[in-house]
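Letters A, B and C name the chains as they come in the text, with residue numbers starting at 1 for each one.
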Amino acid sequence: MRVTLSATARRGASPLGLGLFAAAVVVLLLFPQFVKSPYALHMMVLFFLSVIMGESWNILGGYAGQYSVGHSAYFGVGAYTTMILMTAKGIPPWFGVWVGVVVVVGVALIIGSICFRLRGPYFVLASIAVAEIMRLSAFNLKELTNGAEGILAVSVPPLTIGGTVITDFLSKVPFYYFGLGLALLTIAVTWVVEHSKLGYFFQAIREDQDAAHSLGISLTLYKNIALVISAILTSLAGSYYAVYVGFVDPNTVLPLDLSVQIVLISIIGGIGTLFGPVVGALVLVPLSEALRSNLITQAFFSMGLVSQDSKVGIFLQENLAHAHVLIYGILVVIVILFMPEGVLGFVTRLVQKITRRDA
Amino acid sequence: MIVFLQSLMSGVLIGGVYALIGIGLTIIFGVMRVINFAHGDILMIGMYLTYFLFSVFGIDPFLSVAICIPVMFAFGALTQKFFINRMLGALPQNQILLTIGLGLIMSNTIMLLFTSDYKILTTSYSSGSVDLAGISVSQPLAISFFITAAITAALYWFLMKTDIGQAIRATAQDREAAQLMGINVRWTSILAFGIGSALAGTAGALISPTYYIFPQVGSAFTLKAFVITVLGGMGSIVGATLGGIIIGVTESMSAVYISSGWKEVVVYVLFLLVLLFKPSGLMGTSRM
Amino acid sequence: MRNKVLLLLFTLVVALSSLALAAPVKIGFINSITGPEAPIGENLTNGVTMAVEDLKKKGIDVQLMKEDDTGKPQISMSAMEKLAQDGVAGVVGPYTSACANAVAQQAMKYKVPQLVPAAAKEDITRQGFTWVYRLNAPAHNYAQALMDAAFNLGQPKSIAFIYESTDFGTSVSAAGKDYAAKKGLKIVADEAYQKGSPDYRSTLAKIKAQNPDLVFMVSYVADAILLMRQSREMGLAPQAFLGGGAGFDTAQFESEKDISNAVFSVTQWTPDMGTPGAPEFYERYNKQFGKKPTYHAACAYQAMMIMGETAAKAGGDREKVSQILDTGTWTGIMGEVKFEDYEGFTNQNKHMMPVIQYQNGKAETVFCPGKVCKVKPIYPFPGWK
């Protein structure tokens, strides 16, 4: 009984799950038809961005067990390549993105050849060091990256196919669909990896490198495959971010903070699972926005829990926004200590407990 | 020639403080195999403690080391007891994330308490210097260098000669064997984290007369501490001492002979080279 | 008859002001409340708080929509999306250049008037964005004002640049290097550093060996104090230290008597630069927040005053706000403010920056724009004690 349960859980293809997923996709596809608010669309764009970053890290970190804390490197390479080509050479981003992918494959293979000689904590530190080298180089290679001043794109050229304008990128709607498309692509790639031989090799490496090696699985080859897939998807996220925001500089697309944030999405959601990063993004994106914009305090006021003019109310209004990183930190600690399998694992287990009790 | 000697001198002196940060991290890693991402934040708390003692009670930053050591030891030990000890044996990435989360909590609590203003400690000797055959030697850095040396020597003696020190070393060498020999591993972990925090806090106290203080100051030092620790060999005190001085001198020299913008890149490249060609670090064979 | 007219006028005024009070104008304020830029962001918040109080005294009730951008461009965009949707009449901020730039594009897209109070990046007002206004002087003015001061006082032949590797640091020093080349100054050192490094001694030793007449430093925060302390240690003594803004313009730097003496700096605002209301603003701010106002606070105050008055006059209509900003003139603590198009800039206030010098632990304005200052500058640098 247990075996079949875990098998379906791993395959993640139960009819109910599939139905839910399909329904969610349909809702998301129709979303911009009903919701016109640019603010809501912007939040969705940030959500998709988090999903793409989380899912791509998950392939390397979650499935193959290589905990890179340097994924900002790939994000930054994608973002910079697309922006440089767009602003300096006038190459539209839908071509630039693919150049970014080619560059990032090269970068990933170089980084892989250095970092995969190392294991465990040493691998983590090496991945940080490489990303930091990239960040500092972006500051210093002024001819290429414009240094600390960053690269600014005034407008995005319209997307045309055979002379007809498909979209001009003036509203958020095209960005929304690009984001949704990329997010679905990364989920699809993850699903394919999970259900192919590749996925089994990755998991074998994660569980026990030496055992996997003695079974004849080439560690270098498969680790690099995982890295390249992960890096390509992360660079797509970077390009997407760059075109959307229209500005890149070393401290926004290559910082250590970003690498940590990418890891957190997966870990908080549930590492090594298909929908873990989606859940992670679902938790983190609204939470940080609510804290940042003081929505939580407003909610307290409107629910009548705290009066706006009371001392507590004033204190909350003054401090809760300041404290949003603090609350973020507390959340991380709580998840790590009490939900080691992430929010998704925690919820799944809770549901199982309840259904078992019912049975 | 003067420029060379001058940068060598300031590199060695600043390296002394780096060494103290590295030793703290190396002890924590050696005993628990946990990469402590909150190390820089602990150092930051040491800085604020020093600042608080200086601005409220007028205690000299170098004297406040005597208060900093026990307070930061207790802080580290409690953090270990209530948070990190729960995670011993858990997945390594979760341990890393736990320390990241703890670091965020520390820096942001300090921010709420002290605001995010930059604080600067001004003592009579803050920009004092002694002329040594044409080379200027920073007075506060020289003092902190000697304090660092004294603390390192005392620590070395403690780990080599006392029973508790030997228990810590045994745990670092082989956790399970140590447990079988009747060493209480949870206790040694608490001790190790306490000592590591005390050292980081002390480094914070020593650096505060020549540096400035703000809640996010830690992350730069966390990265530096990693580099130093790996360079010297994880778990090796002598290695961390050497590593700190090497990093100090490398930064100083590359600022002069390459450029200030690239000096940290040089440090990270050196770090990767050591990882690749001598992954056990300079002193990797000896454990503590 | 006359009384009747007066009465009528009186009732009209009362009615109008009560109308204004009944319908507060919504104004957005995007700022770095948390994150690495938060220490400076706090000054802007204080300035805006004072402006809102003063606007209330004038009968303009502002509903302030405060948004934190945490110093990240994409977050500042979230804030702007929210504000544009909430129907603000205009936006003041964001503080950092990267954020102000990201928001500027949205201001254009959603046609929301944006008034940038203190971001120095040139590009912000050089993109032809008609909805974006800037109160403060952009980066190149920092370098020119300082170097002109040195040329006024002596005949320097060579200059060394040491600056932090940030947008602000590189753009100010790039403008400085251009200007130096134009004026025939020899550039003997060009050192960018990563901010937050505890040790600049070796870089300073290298600069000292070149023996430059001027040392031009750009540093954002407390690095300025470190640079000067270590310059003292090293015995670096040029004809003048030129501190390009920000870090050389803080109360902390001022209080470091041993190292700040005779250092020149340039700023957007000083209490004694001769603008109306500046000394009073200084006193009030000092009393209310327990510290001296920085130029960020003054810029944010003036920006919010302008936005508040304009928004009230326009009845909250964005189009009208923009029209009034295009044509209006304001006089206040920042001097005369007028948003003009010149030399490739759009809606840029031609702000003249005062040059200050620290003398015995006090910041003295030594070059006042368009006026003669009370205090005479010290030149050359008298050497270390």
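Operating definition for what follows: a contact is a pair of C-beta atoms (placed from the backbone, for glycine too) under 8 Å apart; a residue touches a chain by one contact, two chains touch by 3 or more.
Because the structure is predicted, anything quoted here is derived from the model rather than measured.
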{"item": "B-C compared against A-C, more contacting pairs", "value": "B-C"}
{"item": "Reference chain A; chain at largest CA-centroid distance", "value": "C"}
{"item": "Averaged-CA centre spacing for the pair chain B and chain A, given as whole angstrom", "value": "32"}
{"item": "Centre distance in Å when chain A and chain C are each reduced to the mean of their C-alpha atoms", "value": "37"}
{"item": "Multi-partner residues of chain A (at least 2 other chains)", "value": "136, 139-140, 322, 325"}
{"item": "Residue numbers of chain B (touch at least two other chains)", "value": "111, 259, 261, 264"}
{"item": "For chain C, residues that touch 2 or more chains besides their own", "value": "34, 165, 192, 194"}
{"item": "Complex contacts: residues of chain A adjacent to chain B", "value": "61, 67, 69, 114, 117-118, 120-122, 124-126, 128-130, 132-133, 136-137, 139-140, 256, 260, 263-264, 267, 271, 319, 322-323, 325-326, 328-333, 336-337, 340"}
{"item": "Contact footprint of chain B on chain C as seen in their complex", "value": "34, 36, 38-39, 42, 162, 165, 191-194, 196-203, 205-206, 209, 221-223, 225-226, 228-230, 232-235, 252, 255-256, 258-259"}
{"item": "Touching residues on chain B, where the partner in the complex is chain C", "value": "2-3, 6-7, 10-11, 14, 17, 111, 115-118, 120, 122, 126-129, 136, 138, 207, 210-212, 214, 216-217, 220, 248, 251-253, 255-256, 259-261, 263-264"}
{"item": "Contacting residues of chain C [partner chain A, same complex]", "value": "33-34, 66-68, 70, 72-75, 77-79, 81-82, 84-85, 98, 101-102, 105, 109-110, 121, 123, 127, 165-167, 169-171, 192, 194"}
{"item": "Chain B - residues contacting chain A, complex", "value": "29, 33, 35, 83, 86-87, 90-94, 96-98, 100-105, 107-109, 111-112, 219, 223, 226-227, 230, 234, 259, 261-262, 264-265, 268-269, 271-272, 275-276, 279"}
